[in-house]
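Dropping the structures in below, format is structure tokens.
First chain A sits with chain B, and in the next complex the same chain sits with chain C.
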Partner chain A sequence: MDMNEIKEIFFQECEEQLAELESGLLKLNDGDRDPETVNAVFRAVHSIKGGAGAFGLDDLVSFAHVFETTLDCVRSNRLEPNQEVLKVMLRSADVLADLTNAARDGGSVDEARSRQLIKELEALANGEVPQAAAEPAPKAAPPAAAAPVPPVNEEGFQPVAFSFEEFETGEEPAIDLPTYEILFRPKSDLYAKGNDATLLLRDLSRLGEMSIHCDMDGLPALDRMNPEAAYFAWKISLKTDKVEEAIRSVFEFAEWDCELEVMLADDQAQAHEELPMQPVPFDLSMLDEEPRASVEEEDRTVAGERDIRELAGSAAEATSNVVQMTPSAARVPAESGRSAASAAAQSAASQQAASAATPTIRVDLDRVDRLINLVGELVINQAMLSQSVIENDTNGTSSINMGLEELQQLTREIQDSVMAIRAQPVKPVFQRMSRIVREIADMTGKSVRLVTEGENTEVDKTVIDKLAEPLTHMIRNAVDHGLETPEKRIAAGKNPEGTVRLTAKHRSGRIVIELADDGAGINREKVRQKAIDNDLIAADANLSDEEIDNLIFHAGFSTADKISDISGRGVGMDVVKRSIQALGGRINISSKPGQGSVFTMSLPLTLAVLDGMVVTVANQTLVVPLTAIVETLQPEASAIHSFGANQRLISIRNSFCPLVDVGRILNFRATQANPVDGVALLVESEGGGQRALMVDAIQGQRQVVIKSLEANYTHVPGIAAATILGDGRVALILDVDAIVAASRGQALKPEMSLAAAG
Partner chain B sequence: MKKRVLTVDDSRTIRNMLLVTLNNAGFETIQAEDGVEGLEKLEDANPDVIVTDINMPRLDGFGFIEGVRRNDRYRAVPILVLTTESDAEKKNRARQAGATGWIVKPFDPTKLIDAIERVTA
Partner chain C sequence: MASRNTARKKLKLAPVLDLNEATALHERLLALKGGAVTIDASAVERVGALCVQVLMAAARSWEEDHLSFTFAEVSDAFIKTTQLIGVDVAPLMAKEI
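Here is the complex of A and B:
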């Protein structure tokens, strides 16, 4: 793994954290005051900041820092996260997302906006609550290696930091290096926290030439000795070219747990008198050697004579003994309580494990796609095998057939499982929508609340990815055109805050996404007038409410009087409809004046396989998506009625339904087929209308693997995709909605005209 | 023998950076995602030194350090705390909990290894 891969992981993680951040803030916005929610929000920003720092993404770090500081105020209850505060925070989350994207993909962010938010965040942290003024200003944070505050000893003496660097200019450092006298007296806490005097002395020795004296005055008799206490102190004289700060920084980790005095020795001779020792370089190798003298043998009266190395060695050894003895000493009293404690710990651990999410792994999408492709091939292969066995094996009861059936079942199961791998909750897309709503609400001055339901509904990743764009556009429309201004809402006796409800649910093998607003609903008069003005419908056309509503999906239709900045970007609802259709989905609208509109999208759960009815039309094999078919029937001559020049109707249970000749529409044949010779498939098209598709014969029902026509050939009107059948032949999958739409104009055109429907 | 480092951090990014840095420096690295997992892995990891984050779900760094210091076998293991800023308050709380030292994020490899060398023999 290299840094680039880690960076990629970082950005992935950022996305998760940003989602976490947003959902947490939204929860707070809904009045959730669970400290864990606040913590999660804080952690998200903190994590982003931490990682960003590692990659030197300074813009991201400084913004995250200010954000974090304000969140910390919320966490410590110094700032009440009311609606106003959360508004700022949600916008900050948006900017944080922008900064993250800019850091990943390049590009710039709206700097004025982020500066403005930094100001607002700082105001929240500082202004609103007086105590919060104590918060360190983000830029004023001391640098990492700042000197620790020198400890004050019992006498109240605080050493003054002193730099010698200026004195050293022009002098020969080797000759006149300053010597420091250091008194280091560890407290037992120093060992308890995992520090080791020996190691500190080792580090100190690296600064220069060092001699050391261990003061063992405090050491009690062995029977009164507490193995965990600290009895030794060290007097060190260190000849170094480093400043006092460098010496103190050696003891940085230990500064709380020891007494430390660092003084410049003004009279070295005096120091020699006081300390009965020779200045001998501190030898690190002693740390690794076996003890050569025990503590009892030490007699400090002869210390002057002794090899100072040995002294240092035993002192060090004694120190590390303290550490080593720690476990055994504490073990005995702790032993009795251990079983109870461990049992408690175990139950706590299992509880926590239960509450934790199920383990997941992250897999490259390419691998999953490859697997899906392979399974697709497997399905085709299995179908081919079945077919050739059936063709060659006439009695049909052999064990081969049994095995084949099992194989078929297994293949199906494998396919379902693989599809499940790609399934993802729609949550990320829904979360992105809340930002869109906020932005448009800001721009239009409307007050909007987004309610999402069924966020965990799962659907194929490709569908999710392609869902964001149409959904964004529809949300924009809902807020911009659907909802009224607060004043109008109040006048209409509604809550000034409009609600946009985004719902996802599974329904009969498809995912249904609903977008409902409680706005004014579609102004049918206006829509109708607009359609007449744009020559979309005849002025005297008699349209049902539903048909008028569906006019908004027509190409080039926009009801806003002026093209607004928000929804009028040259993209109309027709584009939305087309992208939904490209996903094999359908979109519907229902609207009630004064109560709002509901857009309903129904999408396939996966784009990789499809349950289809294999049919024959003019000697061509076609596949009709099973989801579109309501029923199949054998038309009788008496049920067929001619209508107009070349339209026909079929009467089914006392209602009439237009008959659509698929072969004619796809130009497979020039003349109309006789309905009595074929089979009619009753299909439900968008808008709720039913049509009877006429085909020559039904071959059977089969699961087929979808192969994109666009990717391999080019888009063919009326055809959704292609597939490979069991016999190895390519079959086209019908785009039922396109066929039905074309049937209205009796020919398939790339731009289907709705005007003819009137 | 390789020195063993137990790293406890909820951020995948930081965990991976620690892993790469420590492995390159010849340490053996055992990872945990939060304080709870850190304590669970303590026995198996048998670390020579522990590097932990403060802000973590389930059990934060303070709680984790206290947990380690209560463990009879591992209470003398040096623990280094990762702090994002030189936040004195957080550092002090970590020390009260029993941290041996700290590393200020963002860390470069030298800084990290220096701090570890400083608390291990």
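Here is the complex of A and C:
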């Protein structure tokens, strides 16, 4: 594996950690004070820092470090995570994401912003915790006291709370803190990967008061040793206020390259007796990576000299310890063997408790796509097979038919399962939105709260990827245009904080995403006037509220009085609509003046298969997406009413519905078909209105595999895609919305139907 | 004994004793086998566990050969790292310093 691949994995993990970080912070923002949430947030930042350090991404490391320090204050309850604190933290999470992206793709970051945040974070870490540094005996940590607040680039100069008096005078440690027994046995791989046990042990020593015993029994003679193999193992006892999880997280990036056991030492006295270890009493900050500027260096040397003097004392003690250590070291393997079982059980239990998450694997998307494609072929092949059996089946061999039915079910199940592989929760997209809301709210000076629901709703990965852009547009619009300023909201008797609600749910084989704001709603009068000004509608056109609302999806339409940086150039909603339609989705608006607007998007769960109704129009086989069809009916002559020159209506249960001749619109035939000879499919069009599509006959219902027409041929107006039928013929999949628009275009703008037909 | 003292070799350690240095250090130490050695660790800025392993293995080998293996000058970083990872070099420190 080359470095780039490893780096890529790191960035993928970063993405996950950032998502974790953000959701954790948002939970805290909602008042969640579960220590596990705080820990999760802390871990996320810590892992990013760790990985970034391994790749030498200094900017990322230094920012993550400051962030982590502040989070640690929250974790140790020294800093109350109130709204103000969380605001800073959420912004820091954004900057961390920016830094990660910059590290991955190059590009620059807003330096001033990150510097400002570093200051704020440091202020939080220091301002609120005046006694944090004073807690340990003042002379115990002279280097820490000498060092100022960590400057931007300083690596991990955290004051470590320890006390010399404690191990010099009393054999008994402070009893209130739990002591962990850690067995750490690195494998050669750990070193081969550029990691080093010393670094891990250094991080470990920061967690609390640590005593260590290095097991050198495995060390062979000099001439027989492999200088790059791992021989040392360590037995560590660590007194810390951190949880076991924190200890394990130190070894996070090395967990596969070492044997690690962490267990709580239950019997303190015994543990102490059995483990005559070498205490690790020093501030180890000077072992941090590269030595820095000479001034710092001097500082350290001064501190170091002081340390050396103190070392003399402890070294003497350590020597005596080493003497007693030898016999007990022999006992260690036996003892550790005994404890291994219980430790394993304990760690298994804790792992189970910590995460109910099932194991996952990372798979290259290409492989999944290939599998999906193959399953698609399988479905087509199965359809062909059953069709040819039916055609040749004169005497009804039921066993073959039954077998085929089972095969059909199996293929369907295989297809569903394969699709489920691609299905992903919409959570990452939703999380990105919360950042956009924050930024726009900051820019516009509005106070906005984003509420998300149904984040775990799953939908095909391609749909998710393409969802982000239209959603971003819409969220911007909702905050910028939809919500009023706090003053106006107060004047209207509303909560000054606006709410934007983003919901996802499954509904009858589609995913429905709803974006609701509690703003002023669409100003229909203004929209209408604007549409007339822009020649989109005739001045005397009589439009329903719904149709007026839908006008905002026209290209070049903007009702904003002034163009802002955020939105208002009128390139928004038509792009949104087009991208939603490109996904095979529909978008609806419903708006109540003074109460806000709701945008509803309905999208297919997958772009690979579709349930369709196979119909015949002018001897051509077409597929109509089943989701668009409300009902089918056989028109009677009495129900057909002519209207104008060439418009016809069909009366269904005492209401009239425009009749759309599909064959005519697609130019399959020159003359209008007789509705009584055909079948009408009542479809729901994007505007919410119903239309009756007229086709010659219905062949049946079938699941079809979508083959892109654009990729294989070229875009055809009115046609969404193509598919291969059971008999091997190509059938076109109807783009219902385009057909309806074309039919409506005949009324509104005649040239549009020509374009559609051509 | 006196002749040995005159033959005492001095080995100055590189500033960075990481993975790459471990093999080199191993070879240099092997070449010095059979005579008393003084290790000069005064320039060491960073030391990894692998090199400590090599040094400790060497110390044992020398001890088996009843030859002297001592650390003359040690840098702060060196002493602290060995302290951190629980390897005690104090008994190997040259007594005359």
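Assume the second predicted complex is superposed on the first by the 516 of 758 C-alpha atoms of A that agree within 3 Å, B and C clash if a C-alpha of one lies under 4 Å from a C-alpha of the other, contacts with A are read in each partner's own complex, and residues count from 1 in each chain.
FYI, a residue touches a chain if its C-beta (ideal position, glycine included) is under 8 Å from a C-beta of that chain, and two chains touch if they have at least 3 such contacts.
If you're wondering where the values come from, they're calculated on a predicted model, not measured in any experiment.
**Student:** In the overlay, answer first, second, both or neither for which of chain B and chain C A:L201 touches.
**Tutor:** After superposition on chain A, A:L201 lies in contact with chain C alone.
**Student:** After lining up the shared chain so the two structures overlap, which partner does A:A645 touch, if you call chain B first and chain C second: first, second, both or neither?
**Tutor:** In the superposed model, A:A645 contacts neither chain B nor chain C.
**Student:** A:A637 in the overlay: touching chain B, chain C, both, or neither? Say first, second, both or neither.
**Tutor:** After superposition on chain A, A:A637 lies in contact with neither partner.
**Student:** Applying the document's definition of touch, where does A:F232 land relative to chain B and chain C: first, second, both, or neither?
**Tutor:** After superposition on chain A, A:F232 lies in contact with chain C alone.
**Student:** Let me test your reading of the model: by the given contact rule, A:E252 touches which partner, first (chain B), second (chain C), both or neither?
**Tutor:** Only chain B is touched by A:E252; chain C is not.
**Student:** Once chain A of both complexes is superposed, is A:L222 in touch with chain B (first), chain C (second), both, or neither?
**Tutor:** second
**Student:** Between chain B (first) and chain C (second), which, if any, makes contact with A:Y191: first, second, both or neither?
**Tutor:** In the superposition, A:Y191 contacts both chain B and chain C.
**Student:** Just chain B (first), just chain C (second), both, or neither: which does A:C214 touch?
**Tutor:** second
**Student:** If you lay the two complexes on top of each other, which residues of chain A touch chain B in one and chain C in the other?
**Tutor:** After superposing on chain A, chain A residues 191-192, 194, 196, 198, 287 contact both chain B and chain C.
**Student:** Using the touch definition up top, name the residues of chain B that touch chain A in the complex.
**Tutor:** Chain B reaches chain A through residues 10-14, 16-17, 19-20, 36, 40, 53, 55-58, 69, 72-73, 75-79, 82, 84-87, 95, 98-102, 104-107, 118-121.
**Student:** Show which residues of chain C lie in contact with chain A when the two form their complex.
**Tutor:** 18-19, 22-23, 25-26, 29-30, 33, 45-50, 52-54, 56-58, 60-61, 64, 76-77, 79-81, 83-88, 90-91
**Student:** Which bits of chain A are touching chain B when the two form their complex?
**Tutor:** 1-3, 5-6, 9-10, 12-13, 39-40, 42-43, 46-47, 49-51, 53-56, 65, 136, 141-144, 146, 191-196, 198-199, 203, 252-253, 256, 287, 320, 323, 326-327, 330-331, 334, 338, 349, 352, 356
**Student:** Help me check something: in the complex, which residues belonging to chain A touch chain C?
**Tutor:** 186, 191-192, 194, 196-198, 201-202, 205, 212-214, 216, 219-223, 225, 227-228, 230-232, 234, 236, 277-278, 280, 282, 284, 286-287, 291, 300-301, 304, 307-308, 311, 315-316, 318-319, 322
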